[in-house]
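Let me begin by presenting the structure, written as structure tokens, before commenting on it.
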Amino acid sequence: MTTKTQHGNFFEDFYVGQELVHATPRTITLGDVALYTALFGSRFAVVSSSPFAARVGLAEAPIDSMLVFHMVFGKSVPDISLNAIANLGYADGRFGVPVFSGDTVSTVSTVLGVKANKDGTTGVVYVRSRGENQRAEMVVEYTRWVMVRKRVASSAAPDTVVPSLPEAVLAESLTAPFHIANAAYDTRLSGNANAWEDYAVGECIDHVDGMTIEEAEHMMAARLYQNSARVHFNQHVEREGRFGRRIVYGGHIISLARALSFNGLGNAFALLGINAGRHVNPVFAGDTIYAWSEVVDKQPLVGRSDVAVLRLRTVALKDLPAAGFPLRDDAGAYLPNVVLEFDYWVVLPTRLACR
Amino acid sequence: MTTKTQHGNFFEDFYVGQELVHATPRTITLGDVALYTALFGSRFAVVSSSPFAARVGLAEAPIDSMLVFHMVFGKSVPDISLNAIANLGYADGRFGVPVFSGDTVSTVSTVLGVKANKDGTTGVVYVRSRGENQRAEMVVEYTRWVMVRKRVASSAAPDTVVPSLPEAVLAESLTAPFHIANAAYDTRLSGNANAWEDYAVGECIDHVDGMTIEEAEHMMAARLYQNSARVHFNQHVEREGRFGRRIVYGGHIISLARALSFNGLGNAFALLGINAGRHVNPVFAGDTIYAWSEVVDKQPLVGRSDVAVLRLRTVALKDLPAAGFPLRDDAGAYLPNVVLEFDYWVVLPTRLACR
Amino acid sequence: MTTKTQHGNFFEDFYVGQELVHATPRTITLGDVALYTALFGSRFAVVSSSPFAARVGLAEAPIDSMLVFHMVFGKSVPDISLNAIANLGYADGRFGVPVFSGDTVSTVSTVLGVKANKDGTTGVVYVRSRGENQRAEMVVEYTRWVMVRKRVASSAAPDTVVPSLPEAVLAESLTAPFHIANAAYDTRLSGNANAWEDYAVGECIDHVDGMTIEEAEHMMAARLYQNSARVHFNQHVEREGRFGRRIVYGGHIISLARALSFNGLGNAFALLGINAGRHVNPVFAGDTIYAWSEVVDKQPLVGRSDVAVLRLRTVALKDLPAAGFPLRDDAGAYLPNVVLEFDYWVVLPTRLACR
């Protein structure tokens, strides 16, 4: 018998202030980008075309915001969520410097809070993860909280510490590492004529299309990010589990919803912040994902006339078209088809920047 | 309600002379090449090996002809065929300068013809699409015609304009951007001993192998090309549709047939022209594709002793081996297993160029 | 009718001393690496991160040992194993210079032995394959033997020649093209704290996790390597065959077992030699692969204090967890769930090299 294998941390292993340096640093390449395109079909021009990326002041097409997020997130799984029952939420997410092919990302997490659950067998762990490039520049950082199994039910509960989390990232704290000369952003090539000014708070957009998920697809995606959470990969075990089948990585749905949102938000080319996120129901291979978005807020960026931000709430649904913007039932509970509610800031060119 | 989403053009939206600048410019990378190889298994040496590509006068391995075609075609889908019922045919296709990884392709289409159908609910639109690289050099251009839904059945029929299309691209108009020194082309490494002279007009070749298609594969391929046609992706809708399931992108079959044709045509390393193409029957995941080719014509190229061209008719079949070269029944109708008839020019080295 | 297609060699076509120059040279790219990561989820830091690869003395992240092997192996299939009934074994495998993206590999094989089987319809062919880069440097070479069909049952049996094969590659003959400065190897980033000294001969490691295989995955992998063996791809034929379905390429299981072995052997970042390998039972899509490893031997490398080698026996299982290290029944026969027994040398950093 050996103790060389990792079985992940249990609730008792976490303490406030703990720093977790996660393995495997990952050089992101154009190969990863091609797979991400093949898996989600995103069509945002800035990430698809280096000449178009030059129009927003970048040397070449950057790595898609959510691909960066998944790479950074994936590293944290073996240390944080291998024994997790559920990924409960995200908050206070910020995107930093753009990532380009050839950059290497790594992740360090800090435990912000712990709270034993009353059932005695689980607890909630709050962690802040910071993804960095090879120059130690922040590429994305965010807080998430997960429900984790205890190793031993009888172990003593730690002092409860629940971190104070902002309801949303303040628009004035966002940075947009893009610079667009007047009229440099060509909306014929981007596929959508709408600038930032064309969106109104309260406006809801049905992203129309639906995308069915296959087992091979969600497993290839999770492995690409080196996300090793077991529930995604092992049908031999999951067949006996809660759902009888493998569960799709929640982040897969964020990427699908984001790709679908191109139809209606085609100029929202990057995420700048993540305010909140919740995986409401599990998703399985065979499910078809639809999405709609509401413009929750819109703000300028300090000192900028070329770009500005929209706060979006994007809702993903399984096997239910997004017409009518379904979300909750009359009693206020999520509809069973709702799988994701995601609240985030996106950057768009202003009319001044568009042609 | 918002009008920010694209729902595609309907028959009434097209008029002769109309120019459509398609979104999303796309930088093609070695990542795309790897996915294309993984999806189709093509083994042509020129596109697989940069040292071998040097033997035909290229600085590095070029992007496969059909991958270029799919990338250019994919961009035209949101504007031309999102509401199409069927892609009826291709004609007058020409390949231009080679594409290399790092090049960015974009597509502009011009409407050549419109013709209302007698049923009152659909019409045929003829468009010529031109794919360009970042230097505005033509990489591939072709005409296709599609049957498109009308928005309103009662709308007036436009004047019928049907463009004159050549039965085939003239061999003397083809350009071969390859140059092979005498005996530079090594047929041991290319896997096939036959030079252009070894093929005879009328010769038929059974490509022997069969390849079964999975849902994940054809969806990944179509998304890689940013081809957003809905029938490929949404099982929730298609389950209620004509066929009860997702339809494989017709171009997927062209690429499979082309990859299968390596066995028998291993030195036909690039397409120079597309004379005609027809998707005869739909293909679904689970179908196994076989292919055979007939040499319809063979021609030298003006002023060239190193390369020459074959005109091929390649027929793809589902769930039927190609032995015996099945195509039509006694009444002249396509057999139900025939899924593609594709007429095109390929370039091969001459004996002088081969060792 | 044409004779231009290849139908593969039959037993009668092989003779001792025969040299087979295999088609298609293949430039390996970062796109191939991304697909390999997406298909297997390997997390070894040296192949995942160029900055980490610099810690072992490499200019950038090298291509994973087994991806190199599969590329070299794939080329040999059309000439050696297209008509094979079974891949019987591997021996005397050595890895040479590291391969980097942009390198082009090609393969030449030499027939070492032939032996007709008593059934009169098949024979065993022993071949040694050598994979080279574009500078003719050896990247991997190995001997394998396959059972091949005879073209004609009545053909005369050749003189039997069975090559002498080593039971294992001698540790003192291995070369490790890596150089680690004292304490340069960061075990926090590699995800495993154990140096070479921490492993004991006889130690068995359960790699814990299981990975279910999908049809799209194993076909994409085999096509990526341009491995054209028909049994992997054609459901229309295989449905009538021995097993009623497509067979997963045996090498796929080696790569899955290797990726799973990261959990327990996270610092075994490259293979240096292959002693023996046997595909014990066939694997099909839907099977879940588990793995365990035994440390069979451990040896220093001549003149090296930074790295040393472990001889491992890795056993892969289908639909059976590896706890208890299942292998054979009481009568000494392989258990039906055992699919692979693979005996090989891996390189690890010593304590001196680790921090």
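By letter and in written order, the chains are A, B and C; residue numbering begins at 1 in each of them.
Operating definition for what follows: a residue touches a chain if its C-beta (ideal position, glycine included) is under 8 Å from a C-beta of that chain, and two chains touch if they have at least 3 such contacts.
Quantities reported herein were computed from a predicted structural model and do not represent experimental measurements.
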| item | value |
| --- | --- |
| Numbering shared by both copies at the chain C-chain A contact, with half separating same from different | different |
| Angle (degrees, nearest 5) of the CA superposition of chain A onto chain B | 120 |
| Cα-centroid distance, chain A relative to chain C, in whole angstrom | 36 |
| Residues of chain B touching at least two other chains | 29-32, 34-35, 214-216 |
| Residue numbers on chain A that touch chain B, as the complex places them | 29-35, 37-41, 43-45, 48-52, 61, 188-192, 194, 198-199, 203-212, 214-217, 263-266, 286, 288, 319 |
| Contact set on chain A toward chain C in their complex | 1-2, 4-7, 21-27, 29-32, 34-35, 78, 101-102, 104, 106, 134, 214-216, 219-224, 226, 228, 230, 233-237, 246 |
